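Same chain, two partners: chain A is paired with chain B first, then with chain C.
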Partner chain A sequence: MLIEQSAYSNRWRQVSPAAKGIFSLCGMVAAFAAASPGTALLVALIMTAASISGAGIPLLRYLRVAAPALFFLLASGLSLLISLDLGASTLGVSLHPAEPELLRIARVCCRSLACLAALLFLTLTTPLPDIISLLRRCKLPDTLLDLMTLCYRTLFVLSEAIHETITAQSARLGYATFAISLRSMGGLVGNLIVQVWQRSQALHLAALARNSDGALRFLENPHDNTSRNIFLAAASGSLVVALALILP
Partner chain B sequence: MHIMEGFLPVKHAIGWSVASAPFVAYGLYSINRRIKENPEQRMLLGVAAAFTFVLSALKMPSVTGSCSHPTGTGLGAILFGPAAMAPIGMVVLLFQAILLAHGGLTTLGANIFSMAIVGPFAATAIYRLAKAMKLSFGISVFLAASLADLLTYVTTSAQLALAFPDPAGGFAASFAKFAAVFAVTQIPLAISEGLLTVVVFNALARFNPQELKEMNVVTVREVQV
Partner chain C sequence: MTGPILKLESVSYCYPDGTRALESCSLAVQRGQRTAVLGANGAGKTTMFLHLNGILRPLAGQVCWDGSPLDYSRGGMRQLRSKVGLVFQNPDSQLFSASVREDVSFGPMNLGLDEALVRQRVEEALLAVGMAESADKPVHNLSYGQKKRVCIAGVLAMQPETLVLDEPMAGLDAAMQEELTAVLEGLHASGMTVIIATHDLDFAYGWADDVIVLQSGRLLANGAPAEVLMRDDVRKTLGGTPLVAEITASLSLIGVELRANGYLPRSKSELLKAINAQAGRESKS
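And then the complex of A and B:
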């Protein structure tokens, strides 16, 4: 996962997740506050610049991470462009909506782009365990946080199991035709379900052996200059929001 | 079938989050109750979330030849119950946004509603209805998984149509437009996922009858009949 790699290796890895969360949140607020597509694009540019030149994410990796989402945005934007008139005597399909409608579509797409840049800023600079500890501080229910912690810790184990099974199945022509693929994948998922049960039983026993009393708690990573960074993030984030509000 | 980050207007984003909140809260309440009775359920549901996440990243063979990703809502609802699927789905959708930039934080509420609430509840209702009608296990599972997939995509189309009604034809035209665009990928996906879910239970009954018995979800006899 490219995002994971960047989250652990960027320049702002040690900056407090609260600071990065606040800046990202301000980016999203600014995206929604932007009145024109141009302003939303400016917000997107600021958030992208913060990720690339601030946190030192390589441009190529940034584009590779954003590419699927950008393709999805393009498809969504194009579907908004098509206009259907069901009430007309002949079914009216037009591809060229009126100008105010075009402006509205441009605003939606640019807002989406700015929000995506704000989301990528947070995810490319902050590892998931840091985000979970941030959510813990936001007083999310313990059960939900436990689900997240367990999910994060086992998803790589299960991904590895899937990868190995698919390699073994492919080596035996397990994905040669549609019918064989379906049978192989059924076996793979069935096997995975059994693993889910067995691994969760093993985890439960391991936790009991360590006197587990329920909730899963882990030590948090220490972060540098937390209050200074939070102040800086809040100040620069507010500036982005103010810019989005002031510009037409 | 995720709605992209920032795509929904702010009122809709908040509205769908408010609509999803009680289901997630009830799901958490039911999970807490399950954990109190059986403490090992804590680990099981956590690993189940990871299972749903990796399942959604699998490339599934599709009847039209193209590749799609399964949603796992039908399978998850039968294995872990529909109420638990709301918080599990929330975790999975959050992880997809954070780890894969798929979906988003502002559209999390809307995506939870279609994929973690409508899908699993529909799957359970259809599965129970099919069993009450004395349909065979295979057909019940196929109907539950594929119709849950279809209902998920119909919900997403309705969410988008509500947010972006067509200037000429209003909500109905916009809904028809989004539904038609998604149908190209979603109908073959729903059929594939229905077939896959049946094959999964057959594989379990054939190769892991003991484990299937221990899971206490469905019996081997049910699958084989």
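And then the complex of A and C:
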């Protein structure tokens, strides 16, 4: 929901998705091109700055969206630190990896951070329908994109259905005790499966009524100054990549 | 160009689970008219609508468009569905796309029109239902009534000759019902044939030129609302009569004959106007 809000209300909403996609891609390339952890960190900072001061996404919201990913990054970073020393005579866990090992871990973490920032830039500034139409232009298979479209739409329909069912169940004390909660949860899942089936049938009928032959075709939204934006994005993106290559 | 635009000739249909939805049902919808379809829940209204659009195929009998039986080939269906637009009851089960403009473009894109024409039709359809300002909004941020209007726009963008709506007023508040009625009135004025399934007797009485009453999958009555809706068997199956008609009839029992513009009042406002006019006449005499 937070991602949704940002994607639809940021300053760069009308900028062509191709431009934002190119810039985000450049960010990822730069993340891999960066030789040292410091450079990767710099790339991450540039991408974050682009999202926050460029597209005008509030810092707090940005951090809240990034929090789950950051948590995973922290957890995997820590687990890399702890290495099992199986070869040594005293079987044990070592918490102090050697210097080169430490550098490698730092590089991996900073690189992931930069990639995360680059991806967040795209997802927070571009609504999913725009990303899908961009992928369509990149010639991704139609089936995959149709699935994405339907999943995205049904996500909201189903979350509403879940919410309504839980409210209705709670109103009749469906979550009063642990045992009753378990039974209610089972009921919820069973009910959802039936609903999914019925809704898919209804969607199929509705598609037929509007002359569908299977593929989902939609009009693409027009965007301002497409070629100028793409040029600007490519230029600034290349700059980031060049920076990552030049710095040690 | 006379004769009914759509006709069911003793159509029977039975769902795979054994439910008999239509039984030898015959009826006709006149071109350019406003037709209301009434009937208790499960009377076969939705099944009948799915036949009009060629989604269901009758097990017996036939459906005719413009005098000739429906062609159920791929090309025939394509043509029929571009002429008969069907709007379902639940908006959430017929909106696929995330943004309003995209969803409305689905039908015209399927017709294979070129992009400029699709764009033009989408904007026109959104304007017609008063949703032009929300064109770039995501569908899940709209209210129920707005979603309903987007569904109607999605069908209007295909520029059908006949618009079929399954209970469009269900779940709408009074103000939104009025707005939707105005939209439908505009479409009818532009020459479109409009068919609506409804449970609202007062709305049907005031709005329709022609009513169709279904009972257990059969046609019970078909004709002008003032005649059909006052029949005893119709009253029994629908559980009542339009309030305006009942008041008019009661007043005539005590010797007050109401006429608004020369015919019986059909809506609340017409009724009040007729009563006031009558009161004015009596105070003068």
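FYI, the second predicted complex is superposed on the first by the 231 of 248 C-alpha atoms of A that agree within 3 Å, B and C clash if a C-alpha of one lies under 4 Å from a C-alpha of the other, contacts with A are read in each partner's own complex, and residues count from 1 in each chain.
As a working rule, a contact is a pair of C-beta atoms (placed from the backbone, for glycine too) under 8 Å apart; a residue touches a chain by one contact, two chains touch by 3 or more.
Here the structure is a predicted model, which means the values were calculated and not measured.
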item: Which of chain B and chain C A:R210 touches, first, second, both or neither; value: second
item: Chain B versus chain C as contact partner of A:F32, first or second or both or neither; value: first
item: Partner chain(s) touched by A:A114 [first = chain B, second = chain C, both, neither]; value: first
item: Chain C versus chain B, contacts on chain A by residue; value: B
item: Touched partner set for A:P248, first chain B, second chain C, both or neither; value: neither
item: Contacts of A:F218 with chain B and chain C, given as first, second, both or neither; value: second
item: Contacts of A:L128 with chain B and chain C, given as first, second, both or neither; value: both
item: Contacts of A:R199 with chain B and chain C, given as first, second, both or neither; value: both
item: Contacts of A:E4 with chain B and chain C, given as first, second, both or neither; value: both
item: Footprint overlap on chain A, where chain B in one structure and chain C in the other make contact; value: 4, 128, 149-150, 152-153, 157, 199, 203, 207
item: Interfacial residue positions of chain A with respect to chain C in the complex; value: 4, 8, 127-129, 149-150, 152-153, 156-157, 160, 199, 202-203, 205-213, 216-219, 221
item: Chain A contact footprint on chain B (complex, rising order); value: 4-7, 10, 28, 31-32, 35, 39-40, 42-51, 53-55, 57-58, 60-61, 63, 75, 79, 87-88, 90-92, 94-95, 97-102, 104-106, 164, 166-169, 172-174, 176-178, 181, 192, 195-196, 198-204, 207-208, 211, 214-215
item: Of chain A, residues touching chain B in the complex; value: 1, 3-4, 28, 31-32, 65-66, 68-69, 72-73, 75-76, 79-80, 82-88, 92, 94, 97-98, 101, 108, 111-116, 119-120, 122-123, 128, 131, 141, 143-144, 146-155, 157-159, 162, 175, 178, 181-183, 185-194, 196-201, 203-204, 207, 214
item: List of chain C residues in touch with chain A within their complex; value: 50, 53, 55, 74, 77-78, 81-82, 85-86, 88, 90, 92-99, 101-103, 105-107, 109-111, 115, 118-119, 122, 136-140, 154-155, 158
